[in-house]
Every structure is written in structure tokens, then in C-alpha cells.
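The next part holds the structures, each set out as C-alpha cells.
In the two complexes that follow, subunit A is the common piece, with subunit B as its partner first and subunit C second.
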Partner chain A sequence: MTDKLLSIRNLSVKYKLRDYTINALEDISLDLNTGSSLGVAGETGSGKSTLALAIMKLLPKYAEMKGKIIYYDKNLLELKEEEFRKIRGSKISLVFQEPSATLNPVMSIKEHFLELFKTHIPEISEEEAIERASKLLEETGVPGARLRDYPHMLSGGMKQRVSIALALALNPDLLVADEPTTALDVLIEAQILELFKKLKRERNFTLMLITHNLGVLAETVEEILILYAGKIAEYGKIDKVFNEPLHPYTKLLLESVPSIQENKKLSYIPGSPPDLANPPKGCRFHPRCPFAFDKCKIIEPELKKVNDRFVACHLYYE
Partner chain B sequence: MNKLIETRNLTKLFPVRRGIWEIITRKPQKYVHAVEDVNLTISSGEIFTLVGESGSGKTTLGKLLIKLIEPTSGSIYFEGKNLNELQSWDDLKQLRRKAQMIFQDPYGSLNPRSKIGSGLKYVLDLHNLYNENERRKKVYEILERVGLHPAEKFYDRYPHELSGGQRQRVAIARALLLKPKFVVADEPVAMVDVSIRAQILELMLELKKEMDLTYMIITHDLSLAHYIADNMAIMYLAKIVEMGSKDSIFKKPLHPYTQALMSSIPDIKVRKKERIIIQGEVPNAIDPPKGCRFHPRCPFAFDKCKIIEPELKKVNDRFVACHLY
Partner chain C sequence: MRIARFFRIRGHEDAMILIGFSILIFILILTLLSSFISPYDPRKSYLNIEGQSVPIKPLLPPMSSLTFNLNGTAHTYFFIFGTDQQGRDIFSRIISGASFVLTVAILATLFSLLIGAPLGLLSGYIGGLIDRTISLIMDSIYAFPGLILAIAIAALLGAGLLNMIIAIAVVYIPSYFRIVRGQVLSLKEQTFIEAAKALGSPRRDIVFKFILPNVLPSILVVATLNIADAIIIEASLSFLGLGIPPDTPDWGIDISQGRRFFLSGAWWVGLFPGLMIILSVIGFSLLGEGLDEKFNPRLRTR
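Coming up: the complex of A and B.
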């Protein structure tokens, strides 16, 4: 269980726009072991989706990437588009937030599957493709008969099940899910989360779940990575991080989420996330941090190992 | 506590547009059942929270209460006055000074072409309150109060220059500018970031205390209801299925739907979750199921549920619409 599937080293993504540059991700390093599950949490603009798109190499042309994404000894960033196309969707696949945007409205569900199978396995016969497709649908809880349907005939939850089936169709090693339940209602969200857990048990893929909803992560993943303004604030086992958050941002974030388990006044983080075209000097969180001291304003903290996890905060350096 | 709002058998049906073929063949007109037979009371000074999934009719109910839309049948009493009787423009204007709404989407609720200040001042212009100078001063005051300072700077900005949280503050300012008694807030924090949510909620609570407000907060998020509500109602397919004080409902939810909702909320304090998984999805509101509307998905449904629709009845400390009780 300890073999590395994907390692990211010093990944930085910059969006070069006409008048300014946005530092969407800076110096991200992480390791995903086969069969593990990692949650990526952060607010809007923290770089969560950029990370997903960078792994999938789906970033727009004006994005500049530095660093390495190593998948089985290959640096994905150096692969040519034709080579990467063999990996994308088959070995590494992505589930998007908005299932209506994933599915093509003028193609039936069957055509989605046929296109996918024919692209990646040219020799597959149509009958076999259809058979595999309906099996996949059943596995994700959609009646096989819905193959003939068009996306608009399915409800939001069904569409998300179909996009999960499509993502899993070629048995990927890594499934990246970007806010897969955010567009869904609570009861349907619960169904989809249970589905993820079931599929993960049965197929043992590696899961990277990106969401702003910390409650969703609490029950689905083992490790968590907290992003703030494009940088890793804290990274470690989720039990440890949630029980005893070290980074002030993690601490405040956890205290600002209401829980029905307790009656506690919520605390909140003053101010709002920084402008990434012009991030603050020193620690990016210092203008909002209640524990900030002089050093935080000048020197940017590095991500360092503190006991059982990684934290980027000056409070924890000797 | 005295009643601020009371509804009696409040119902809103939206006609479904018929195609030419349905008109020629004289198919009966169909309706989307948005709100049906709702009886509720909101007392002054409380925070009443309405919880439901999308399509349950919670927003429609909120809009009905402040007469943004007209009910199909039934009535609403606001401070004892039947809102159905308010017809003239002046009556409606009087109502607007007392009842306001905060919308979910701060990107959609602010006019992108009008400056923050002039958008807010327009409210006072419409109601012809104060003179020109005072209006500007009042707008400055409220901007400062909702945490947008310096107000002079925000006065001349356009909505696109503000973040989501700041926009929602403007929406709150607009709703409170006329010093209303009752404010319907439709998912006030659903569109803002997690770290900003608590700020907005705290602001709303402070303002409630200062201005003696009564809130009806509409949300799909039970943990938000748990945090903020005094009393709450849970809606499913246009009907209230359970209603009572927050404490009693959270301590022991009675309706199977409420139970399922509670067991489904992802919670940071719970690592391994035992949940009641409800199969299927919300049925079509054009043709709601016979009997209890929840019966096709209910794990406890029995024969009676399929035939007879349960009424909302008093059970101990609350109201529940379920044959189990």
C-alpha cells in the first residue's frame, strides 16, 4: 500500500493575463499512494480547481506551469499532448462539479460511453462497449435502460452518477473529483458520497476529493490538504488535522463551520482572501491572522514537518 | 410574544405552460404545486427558519409572506391585517417599509450598472423619505453599519468591484434601509465563502438585536438552522412536514424525512457516519404522489401512507405530518 502513484513537486501555476499575473498555485508538493484518499480543502480562489486541472493538463494556454507531476516515473508536464491523451480519462480521470456541463446535451448517454471506449480501446466492438456501459451504470445506481436517454432527461443526481460511471469506465488509478456534490441536494449528496465510498472499497482506486465542504471530507478521506491563497497551509492525516489543527487558518476555518453536534458561537475569520495578482508579503495569511507577529509580515513560512504533519506557519519553527 | 405573521391554508400553484397540442386536445391545465396548505405563525422577534431541498417551495413561501407574489388561495395576516386586501400602490409601499427580503445571489440582486450608493439611495427616493442631503447621509450610515467603510468609497463603487461577501452586505443594507420589522433572508450565505459566512451571520444577528427585527431565514443547510433558528419548519414538496422549536426538533426529529435530513448532513465532528440513506429523488411537483408525499421514499411507509395524506397535527411540543404519530 505504500507505493507512490502520483507525486507533485514544487508545482506552481501562474495565469498570465494581459495586465497582470495571477499566482494561482505556488510551490505545491504532495504524494498520493495507491489506494489512498486525499481531500483538498480551500475557499474560492485558493487554487483547488487549478490543482485538479493541472493534474489533468486541462489548464488554459495562458497558464504557465512549473514543477513536476510524477505519475509512475513519468513527469506529466513533459508529456506531449498525444501521449497524455492516453492517460487522461483512462488512467487519471476527473469528475466535475456540474454534471450538466460534463455531459454533452445532444449526445445520448450511450453515445458518451461509445465515444469514450472507442477512443481508448479502438478494437472494442459496439456490443461489448454497450454491455460494459450498462454494467457501469448499474454499478453506480442508474438503471441500464437509461443508456438511451439524453442528459436533460436525467435528474442532477442521476447525471452525476453517469459522470462518475464515465470517469470510472476505464478503471483509472486516480480519480480526481472537483466538488462532485456541491450542486446537489443534501439527501442526494449523501447518496453520492456513499456511492464514492462503495466504489472505492470495491475498485480500490486513489481518490482526490476537492471541496470547500469540510464536513464532506470528514467522512470520506484519510488525508487532508488545506490550501490558502494558492499555497499549502496544512497537510496531514485528517483525524489529526481536524482534532488538533495547527495552522491558524485551519483552526479558524474549522471554528467557523456550524455543527449540529454542539451549541457554540461561531468564530469567523476577519477580512477576506487576498488578491492573488498581488498577494501579501510574508505569510499570505498574516493580514487575517490573530497570531501574526513581525516575522510573518516579512518572511514567507515554508511548509515544514511538524510532528505528524506538514504546516506552513512561523509559530511552529524553533 | 405577539404574532407578526400568520398564514391560513396558504397555497401557490404555478400553471404549467401548455403546448399547442395540449390546448387543441383540451388536456387539463397542470400546475406546479409550490406551496400547499401552509399554516404557520411567526412571532415578533424570533428567527424562524425554513428548511427544505431545492424545489420544496421554500423560496416561494418566503416571497408569498411579503407579497412579492400573490397566493393562489389562502391568506396571510401581517400584524393582523390580511395582505390579500392590500391592493393599492400606497398600501404595498407601506408594506415594503415593514417587510423586506435579502436574496440568495448577491451577483443577481444588485444592478451591475448602478453604483452601490445610488442603488441604495434609490430606495429612499422611491419612498420619498428625508431630503437629498439626508438621504446620502443615511446611506453612508447604513454602509458603515454593515461593515463597508469608508462608506464614501463604497458609495461610488460598482457591484463588480466588490467581493461576494461585500455584495451580500450591500444587499443586507438595502433590506434594512427602511427599518423594516420583518426580513425574509433567502439562503443569505449560500453563495459566500465558508470563512465569510460566519461574518455575515454575525452581522445579521447584531442587526436583529439593534433594530428589533424578525427574521425568516430560508436555507437548505440544517447546520445553519441549528446555529441560528428559534423555531423552524421543514418543507417537503410544497408542504410543511414538521414544525416546532429548534431545540425539540434537533433533539428528537419525528418525521422520517427530518430524520433522514439530519443523518445526511456532512459534519466535521463526525468521522464515520451512520446514516439513513433515502433512495430515489424528490418526485415531480406537477404530479405529487398520492397519500403522503414522502411515502415512495420513506423507510417506514405502510398502507395508509399510500392513500391518505397526513395532516399537520400537534404531537407533544411540535407539529408533524406523519401517520406514525
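Coming up: the complex of A and C.
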């Protein structure tokens, strides 16, 4: 039996701009158990990053959130900013996409750690904070001596390791990683993913890994959530979804992963993601779907349980 | 080349900083030591020196020297830059004048920085109605030509050191406000600010530890350049008689008085204080521009 750590229920996020409203996320529900790992995949603009920022409650002011994000027994969306601030970085942490941009250029790595520790543990002594920081750095594969360095003195991979060390410094229950390897080259990417797996084994946190790179997910996570245009297309165990994708979008997405071994022509999904300010009627994927039929154009499919997973597609229910 | 290596000069911006800094050090030493190195009393008229038989003419040209007997001993007076219409030593006056103009320029710049920068920080970070209100006020100040606004304020407040400082400070508040606000607006959208929030840093830390240190170099550059402008405004106000008592040794006042004798051939009365203004403005400008290029190299090369 595992415990439920985080449940999202009917989460919708709308960006209210002056002239129009963008439905960035609609009706997202998911559960994360303690120690589990979930991958979130989808195209650019499918709402992946919005989901990460919604969990951290870091969305811009013009974003409107509806639904519930339940962490243990508390609804995070109802928490006051000051209470939530204490959770950020200590209980729920976020690793960003662009390692070069996540560290303050005028602060040394040491100062970053001191800021974090002093924020959450005001009584911590400077010596203890520095000792813990250098241990964390070593754990993430950065020599402890680099504490004195400034961000520009580190390589991209190093910076991402530092960001991960910062995110894990206070032993959070949940680590949300928003495309943590997108800005890195393939070899560093593999090292960082290996680091995630190692740290997860050692510390047993819950991992939510957001990426558009399906290959990354196959190696790292247990469950997968496919987002399309702000809605869940398919959600289930990763081996099941990858071996036998049900949603046409998942199928096409998997086929478009480039392969070095097979000399096949690179396939892609024709068309482009819909305009979220004005999404198409019916199933949002129907204009690009090779299997679309009349019903798809009129009625929006609901997310329903099909065998071992959830799918939102008319092909699988009457 | 050897000099360049000695001062670790690696580009023209380093040379600018070095030259500007040297000029300023020179002026600073002049100011600090003015009471020791100025040969004569800058306020005293040497038209009637005690015990002398023939009255001395005013407006002695540069390099004039006077020798006469007093109680049996020979006294020699040497006026390297000449004397003005009241027979005062111009060299002594421009040395003492530096302290006044620098005090006004530096204090005025400091005041406007201490008011403008926090307002910009607040306005840029909080945004909304507060931002719009403060921006409107700042833009309306900025809309006036600086010198005319300073003249108006100085005339309104009346003469005096403090009033002159206030008049100049008000003119430059919007400069700091605008540059800080603009930078805060772009900085607060940066990922590292979001990352700081994601690690739970409180607002106070985000503003003072993450945003402010990133803005400081620009503030420093603007301040250095503003001092140069403030010197010119100070001189202009004194020139117009809006500043301080006319016997105060001050470059602006001296130019204003020298102007009247320029056509009659006494060019030295106005020239030397004018050169001092040019020298100090060049000093601050070189330093400011050099620092600007050093801190924001991307702005130039791209």
C-alpha cells in the first residue's frame, strides 16, 4: 500500500489576457503516491509547464485557477501565500528547464544555499549550512570546492546539478522537474537523468518529470500522462502506454520519436496544436487525427478508464 | 605600452576609467588641500596691500608678479592666473571653488539616487496602480528640460547651498527611477527570480538580494555621469546668480563675472574657471562611460 501524496482534481487554468482567454489546462485530475514517478509529455503549448507552475502556485497574476490540488490533507490552492511560501523549496521543489538562467548571476553558489537554508531554517548556523551545502553538491556530483564559484564559472550540466542540489536540499516530498535536460547535450542529459534516478532511490521522493522527449521518460518514470492542448489524452503505466498506445495522439507521438538504429523516415503529426484561445469543437485533436469520425467533431470525449489506463477518445467507448 | 601593462589596461574602456579617475583624484586632492595649497586668500582683494605706496590695478594678467617694500623687507606677490576685477587671485579662487561645486554635485546626485532608485524598485516590482502613479509623476518631471527646471526650483526656493542641492536633485530623480524601474521590470521576469520564488525566498529577499544587486552597476554608471551634468547645472545656476553669495569662490560665479571683462581683453578671469569645469566634467564623463562599457559590454559589441 502506498500513500497518496498529491491529488489534483479537476484543475483548470485560464490565462485571462486583455482581449482573449487562453484555456491552458482543462479538467486535469491525477494522483501521485509517495515515492512514485510520473512523466508528463506533450507538444509545446500543451500545458506542461503550466501544470508545473500551478502546483508551485507560481503562475502569473492573470492566471485563473479552478479545482483542487490536495497535498496530504491541504488544498494548496486555498493556502495563503505566506503559508505556501514555506512549502515551496522545502516540501515541493521545482527544477527549471534553463540551468543557465535559474541561478542569480551576482550570487555565489554558497550564497544560494545560505539563502535557501536561512529562509526555511532561520536558526541554522552558517557553518552548518555550508557543510550541508557541500555535502549536497558532492551528492549531485559537483566538487564541494565549487561552492565559492559564481554561476558563470560553471558549465550548463554543473549548473543543473547545482539547481537539483538546491531543490533537494531540504528533502522535499515532491520534486517537479520542468524539462530539466532540454537545454543540455545528449551525454549530459543521460548523466542528469541517471542522477535523478540515483537520488530518487536514495531519498525516495516523488518525481514529476515534464518533458517533450519521450525517450527520457521511458528510462526514468513509472507512469505517464500525455497532455494535448491542455487536456489529458492518455494516462497510465508507462510500459503499457508505450507498448500499446490507445489514443491516436499517443500513437503518432511515439512514432515521431527519431531512432538511430532503424533507418526509417522521420514521421511527424501533420497540422499544428490548436489555438487555445479558441479550441476546436469536439475532440481537440480531431483536425489532426487520422481516425476521426463524425462524433469527434461534435462531442468532446471524456477521460474514461479503459482496461489498465485512462484515455479520452471516442474510439474506445460507445 | 609599458604604462598600459602597469595599469592592466586591456581595452579603451580601461583607459577611459584610468584617465577619468586620475583627473578626479587630481581635483579631489586639490579640493581637500585647498586651504594649504592656495597661495592667497580667495576672498581677499589685493588691490590695497597694507604699506604699499601705489595702488595696484585690478585685472592683472596671468604670470604677473609684484614686488614692494614693507617695513624694510621685500614682499613678492605672484599671480599665476592673474587677478580679477576686484584684485583677487584667480588661482586661489579656482582651487577653492572646486570644493563647493563638488559638494553640491555629489550631494545632489546622492539625494536623487536615494530617492529615485528605491521608487524605481518599488514601482517596477509591485506594478499596478502604484507604478502608474509614480511613473506619471516622474515622467512629468522628466518632461521639463533639466536646466530650466533647476532654475525654476532654485528661484522658487531662494539662494543657499541646500536649496541648490535640492533643485539639482529633483531634476535627476527621474533618471534613477527610469533606469531602475526598467531593469526591475525585465529582471523580475527572469527565471532566476522565479527559481528564487520556487525555493521559497520571501519577497524582501527577492527584491534586495536578487534584484537590487543586479541593478547596482547601472545605478553607479548613471550616478557618475549625472555628477558631470550636475556640475554644469551648478555652474549655470551660479552663473545666473541663483546659487550663493557672489563673493563665494565658485567657478560659475567667476565665469559670470569674467564674462563682463572678456571683450575688454581680460580673458583670464572667465577662462580658468571654465577650464576647470570642462576638466571635471570630462573626468566624470570618462569614468562614467568607461564604467558603462565595462559593466555592460554586450550593449556595445552587439
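Couple of notes before you dig in:
In the analysis below, the second predicted complex is superposed on the first by the 311 of 318 C-alpha atoms of A that agree within 3 Å, B and C clash if a C-alpha of one lies under 4 Å from a C-alpha of the other, contacts with A are read in each partner's own complex, and residues count from 1 in each chain.
Everything that follows uses one rule, which is that a contact is a pair of C-beta atoms (placed from the backbone, for glycine too) under 8 Å apart; a residue touches a chain by one contact, two chains touch by 3 or more.
Please read these numbers as outputs of a predicted model, since none were measured by experiment.
Contacts of A:L214 after superposition: subunit B is touched, whereas subunit C is not reached.
When the shared chain is aligned, subunit C comes close enough to touch A:L116, but subunit B does not.
Residue contacts after overlaying the shared chain place A:A101 against subunit C, while subunit B stays out of touching range. Touch counts on subunit A: comparing subunit C and subunit B, the chain ahead is B.
When the two structures are aligned on the shared chain, A:L253 is found in touch with subunit B, with no touch to subunit C.
Of the two partner chains, subunit C is the only one that A:L166 touches; subunit B does not reach it.
Applying the stated contact rule after C-alpha superposition, one finds that A:S272 touches subunit B and leaves subunit C untouched. After overlaying the two complexes on the shared chain, residue contacts for A:D185 are found with subunit B alone; subunit C is out of touch.
Residue overlap on subunit A between its contacts with subunit B in one complex and with subunit C in the other: absent.
By the touch rule above, subunit B contacts subunit A in their complex via residues 53-54, 163-166, 193-199, 201-202, 220-224, 226-227, 250, 260-273, 275, 277-279, 281-282.
Interface of subunit A with subunit C (complex): residues 56, 58, 85-90, 93-94, 96-98, 101-107, 111, 115-116, 119-120, 163, 166-167. Residue ranges of subunit C in contact with subunit A, taken from their complex: 190-192, 194-202, 205, 209-210, 213-214. The touching residues of subunit A, counted against subunit B in their complex, run 43-44, 155, 157-158, 185-191, 193-194, 212-216, 218-219, 238-239, 242, 252-254, 256-262, 266-270, 272-273.
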